[in-house]
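Next come two complexes, and both contain chain A; in the first it sits with chain B, in the second with chain C.
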Partner chain A sequence: MAVKTEAAPYLEAFRPDASEPAWLADARRKALAAFGERGFPTRREEAWRFTSLRPLADKSFKPGRGKLELKSAALPNGVWFASMARTLAERPEIARRAINESDLAGGQPFASLNAALFGDGFVFALDEGVTLDDPMEIVHSAAEGSINLRNLIVLAPNSRATVVETYRGKGAYWTNTVTSVSVGASASLTHVKVQDEGSEAIHFGMVRATLAPLAAYRNFGLTLGANLSRQDVQVAHGDGSNADVSGAYLQRGDQDTTTAVVIDHAAPNATTHELFKGVLDDRAHGAFLGTIRVREGAQKTDAKQTSRALLLGDRASVDTKPELEILADDVKCAHGAAVGDLDPAMLFYLRARGIGENEARRMLIEAFVLDAIEAVEQPELRNHLASLVHDWLEAGR
Partner chain B sequence: MLEIKNLHASVEGGREILKGVSLSVKPGEVHAIMGPNGSGKSTLAGILAGRPGYTITQGAVTYQGQDLLAMSPEDRARAGIFLAFQYPVEIPGVNNMYFLRMALNAIHRAKGEPELDAGQFLKTVRAKLKLLEIEDDLLQRAVNVGFSGGEKKRNEIFQMAMLEPRLAILDETDSGLDIDALRLVSNGINKLRAPDRSVVMITHYQRLLDYVAPDFVHVLSEGRIVRSGDKSLAAELEKTGYVGVGA
Partner chain C sequence: MTDTAQALVGDGYKYGFVTDIESDTAPPGLNEDTVRFVSAQKGEPEWLLEWRLGAYRRWQKMTEPKWANVQFPPIDYQAASYYSAPKQKAGPKSLDEVDPELLKTYAKLGIPLHERAALAGVAVDAVFDSVSVATTFKDKLGELGIIFCSFGEAVREHGELVKQYLGSVVPQGDNFYSALNSAVFSDGSFVYVPPGVRCPMELSTYFRINAAKTGQFERTLVIADKGAYVSYLEGCTAPQRDENQLHAAVVELIALDDAQIKYSTVQNWYPGDAEGKGGIYNFVTKRGACRGARSKISWTQVETGSAITWKYPGCLLEGDDSVGEFYSVAVTNNRQQADTGTKMIHLGRNTRSTIISKGISAGKGQNTYRGLVRVQPKAANARNYTQCDSLLIGDRCGAHTVPYIEVRNPSATVEHEATTSKISEDQMFYCRSRGLSQEDALGLIVNGFCKEVLKELPMEFAVEAQKLLSVSLEGSVG
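Let's look at the complex of A and B:
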């Protein structure tokens, strides 16, 4: 089997760990072989058309290690919240759910690489009927090398929780995360991710969520950091489930970020709401790819996707690609995309009241982004995200 | 206070709208500028407030001895100019109270006065609401979003009361108001009349002048002031129409 040149260093870095269970060792070997054969995706592939992997290909990252912190209020019975390493040692039956067939097939090369090389991650599992009001917080800090994190969130039926992931660091490193999410029947998960990586970093994140009937899943991503980043969110609906996948990306300098969302309506009666807001200054580039697939038989699907971007810099750019594939006939699907500058009439109105031009611009950008943050229900969490946006704007003064 | 001399202006890259407007406004005076649609009334208001999109081809405007046309819109507002918009702009996501506080503090800073804290600001808001006899239901919403036509105009007058300008330019503040709203807005304007505050009211109709008595009335037609007089000119207009006064 031929190994792609760019994949070779990662294959060579692989060191089997004899203490790991046989199923995991086996999965790692298969995933690594799949990645080796596949290599990095190229821009000839539709899903990677707008993402330049040059910053990644130019470097060869040695295995690195970050600091993973898990924080929560006192937890009741029926909750498992621990690192992946500890889960593998103590609750391997849960950890096993973090790996699936697609990791071994190589269709998503960075997910395969992640399966082969991951060292840690977090696992959050909730028993049936358990509801938690306070968020589970995961903070990862990195400094060097390539760091593969494998995360797992499993909510049993009728449970409810909130998970907030934050990624940050300093230096030239590559964080590659894969998070498997399973939301049980009538369970409800709010899943927030703040990507605030260091300015030289590369960050890839993939979320694969499976929703049981009547499950509710809210995913919100705030992308601020990294030099190159990509966030993939893939949701498979159940009968009558509800997904809100929204986010905001704020980039400046020569930052480049891609958000790729694929929503699969294979079951009927499910609803999807997507709202993405992008703010691109200087020479920054953003891309939004949003696919909504409505399969045959997925009647009464109700899906709405909106993507808007503000181009503040003369050399800033954005690519948007909405894609609806509809094979059922009784569905409601809508999408809209818009790219522009701040509204001159709004700007003048604020200035005519004495507010300085820069301040007025910041107020309007903030309002533009806060509109997407409205998707997050918890006020404290909304305030937290809003203050991060505010800080980002202040940093650009 | 305000001295407009032979002002010529055109829409950027377009036709000439103002063709030599001259006007002098002294402290405490209320001037009404009337005229048919397309006569240049709103262009004049926009130029005084610094709305982008116009080219000044001739003439000058001085405000309190300063070259007004060289000032940015925010500097004009900080120097005491207030434009009540004909079409107040909706700004989703920006809370009305937050917006007002930002504006008021920007003006205070420019004057070298201390900024108001949240408590002082709220106290001022309450006092002005009471003065204008308006409800505070508009304040928690986003700026002008979902406001009725009358609510938008009331909000403009409320902002004027909060910002306490030296020169208020009211651009068709009466348009689109029913009789009750017109009375409310007019009362607001009258309460804000002061010896050191000048008002320029731009209107198409005589009706506002029944409530807010002007010291001077000017008729603007095809970019020029063709007649000036006192309050009786408005009454004459009412009888003869713009054509009758040479407009």
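Let's look at the complex of A and C:
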């Protein structure tokens, strides 16, 4: 089988670990072969047409290792919150759920690469009926090399929890995460991710969420860091489940970020809400690809998607592709997309009240982004995200 | 489906008759000799033959686009005949000399070609299969310096204009189907409106594919010189046949400073039967260039026919302050597939574009809006507004929306809105309780849904379009 040139260094870096269970070793080999054959996606592929992988292709990262910290309040019974390495050793039956067919098929090359090479990650599993008020916190920091993290969140029926992931670091490195999420019947998960990687870093994150009937899933992503980043969120609905997938990306300098969301309504009565806000300064580039798919028989679907971008820099640019694929008739689907500068009338209003031009602009940008953060229900978490946005704006003064 | 509805569906395509008329047809197949044959049949100059051959050579290296949301068995391009001309005594001087069979066909189609043309105030350039048969009102237009003739005649008599503008908006190698058209295009219409002239009547072409196993490759070129205005109408029908027929047309519009072109299409090619047998493959490239400052190009289309529609009329907004508009209604019923939309490319400063698209899916139809709005770095203060609405009738059809928005200038304002809904039971109940039949109620609601687009059509077309919408959707409820 032919191996793509850009894939070769990663294939060579593959060192099977003899202590791992046979199913994992087998999956790793298959996933690696799939990646080798597929190589990096190109811009000729629809899902990657707005993402230039040059910064990644120009370097070939050696395997690296970051620092993974898991923080939580005292946990009651029925909660498993540990590193992937520990989970593999102690609870392999849970860890097994972190890998699925799409890793082996090769359709998502970076997920396949991740399956083959991942060293660690976090696993959070909640038993039926357990509810946690305090968030589980995961902080990852990196400095060099390519780091593949495989994460897993499993909520049994009627459970409730909040997970906050933060990625940061310094130096030139590449973080590639895959997070599998399963929300059980009537369970509720709030899943927040802050991508605040170092300015020379590359960050790819993929979330695959499966929702059981009446499950509620709230995903919020705040993208601030990295030179090149991409966030994929894929949600498969259950009957009557509810998904809110929202986020904000703030980029400046030469930063380039892509957000790609695919919501699959295969079951009836489910609702989706999406709101994305982008702020692009200097020469930054942002892309938003959002697909809402309503399959045959997914009646009573109610889906709404909004994406808005502010272009601040003279050479900033944005690409948006909000897509609807609808094969059922009794549905309500809408999407809206807008690109522009700040509303001059709003600026005038603030200026007329004696607020300086720069301050007025900053206030309006902040308000523009906070609108998306409203999707997060917990006030402390919302304040935390708002302060990160505020800091980002202050840093640009 | 009710018996009445069934009867109506059976009756659905009322343009499905074949005119028995002798025609000169090229043997099937496509190679350089075919291109030479087509060119020689039309007595074309050397430069045009070379241009065609250039397109053919490019086409050979190209592959069919696969990105559209349409499915069809592979087309055998060697099985079709690329030229079909009705046999007639050379050069009819007036309508009286035109073959009466042809005139009868047009009468059945309801085109006001003869005296009715005068009443309707429409100048018609009728394309029967591949050769333009008769052009009315030519003299009247001639007084104003307006050239309105068949493409073949334009090549003979206004060669310089054709040479200057042909392929300047849609280059030979633009895409697979436009390259094919550039190689073998048979005839079409040519319009030139001189500076400062407002064309006093709607210009109209009625296309009709008649002969079996022929593709129709017409070529339309409309040029509005500085300060000129022209409104152009295009209607299309084809006989009912079991095999699929290919229609790969190219339309190029050029608007210079302060010029305006309004281009309206009512497309009612045979859509195939309820099981998807037969029907036209309508793979068309239409593009307008707003070359001059303050120029404006407006596309309006009502697409009810064809088995498959692949069509994206677009505007290149090159001139400062130029305006592009796209108003579309696309209907898919039974097994029809439509992948249609527009491209608005903002290049000049203060350019504006508006896109209003209404997609209606019924039966097992698949309807896709695919559009691109691109604002290039120099297009300061560009403005776009897009609205795409889909209406679903029945639970076995599909409606898809695939807009691309690419903005490279921070002063641009781009807005896109899309909704999908079904005909509400409340609306139906309201109409039914006032004594309207199911079919009439549907027609009323659909026409209301499409109103924003239909009001852009010239009056006589708007009436036809409304009727077509109702006919196309017959049998889709109840």
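Operating definition for what follows: the second predicted complex is superposed on the first by the 397 of 397 C-alpha atoms of A that agree within 3 Å, B and C clash if a C-alpha of one lies under 4 Å from a C-alpha of the other, contacts with A are read in each partner's own complex, and residues count from 1 in each chain.
Operating definition for what follows: a contact is a pair of C-beta atoms (placed from the backbone, for glycine too) under 8 Å apart; a residue touches a chain by one contact, two chains touch by 3 or more.
This structure is a prediction, so every number in the text was calculated from the model and none was measured.
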{"item": "Contacts of A:Asp239 with chain B and chain C, given as first, second, both or neither", "value": "neither"}
{"item": "Which of chain B and chain C A:Glu46 touches, first, second, both or neither", "value": "second"}
{"item": "Touched partner set for A:Glu20, first chain B, second chain C, both or neither", "value": "neither"}
{"item": "First, second, both or neither for A:Glu200, with chain B first and chain C second", "value": "neither"}
{"item": "Partner chain in contact with A:Asp282 - chain B first, chain C second, else both or neither", "value": "neither"}
{"item": "Which superposed partner A:Met346 touches (first chain B, second chain C, both, neither)", "value": "first"}
{"item": "Between chain B and chain C, more extensive residue contact with chain A", "value": "C"}
{"item": "First (chain B), second (chain C), both or neither touched by A:Asp254", "value": "neither"}
{"item": "Partner chain(s) touched by A:Asp329 [first = chain B, second = chain C, both, neither]", "value": "second"}
{"item": "Where chain A meets both chain C and chain B, residue numbers", "value": "none"}
{"item": "Complex contact set, residues of chain B against chain A", "value": "49-52, 72-74, 76-78, 83, 85, 88-89, 91-94, 99-100, 102-104, 106-107, 110, 142-143, 159, 163"}
{"item": "Chain A to chain B touching residues, read off their complex", "value": "343-346, 348-357, 359-360, 363-364, 366-368, 370-371"}
{"item": "Complex contact set, residues of chain C against chain A", "value": "67, 377, 390, 392-422"}
{"item": "Interfacial residue positions of chain A with respect to chain C in the complex", "value": "46, 296-297, 299, 309, 311-341"}
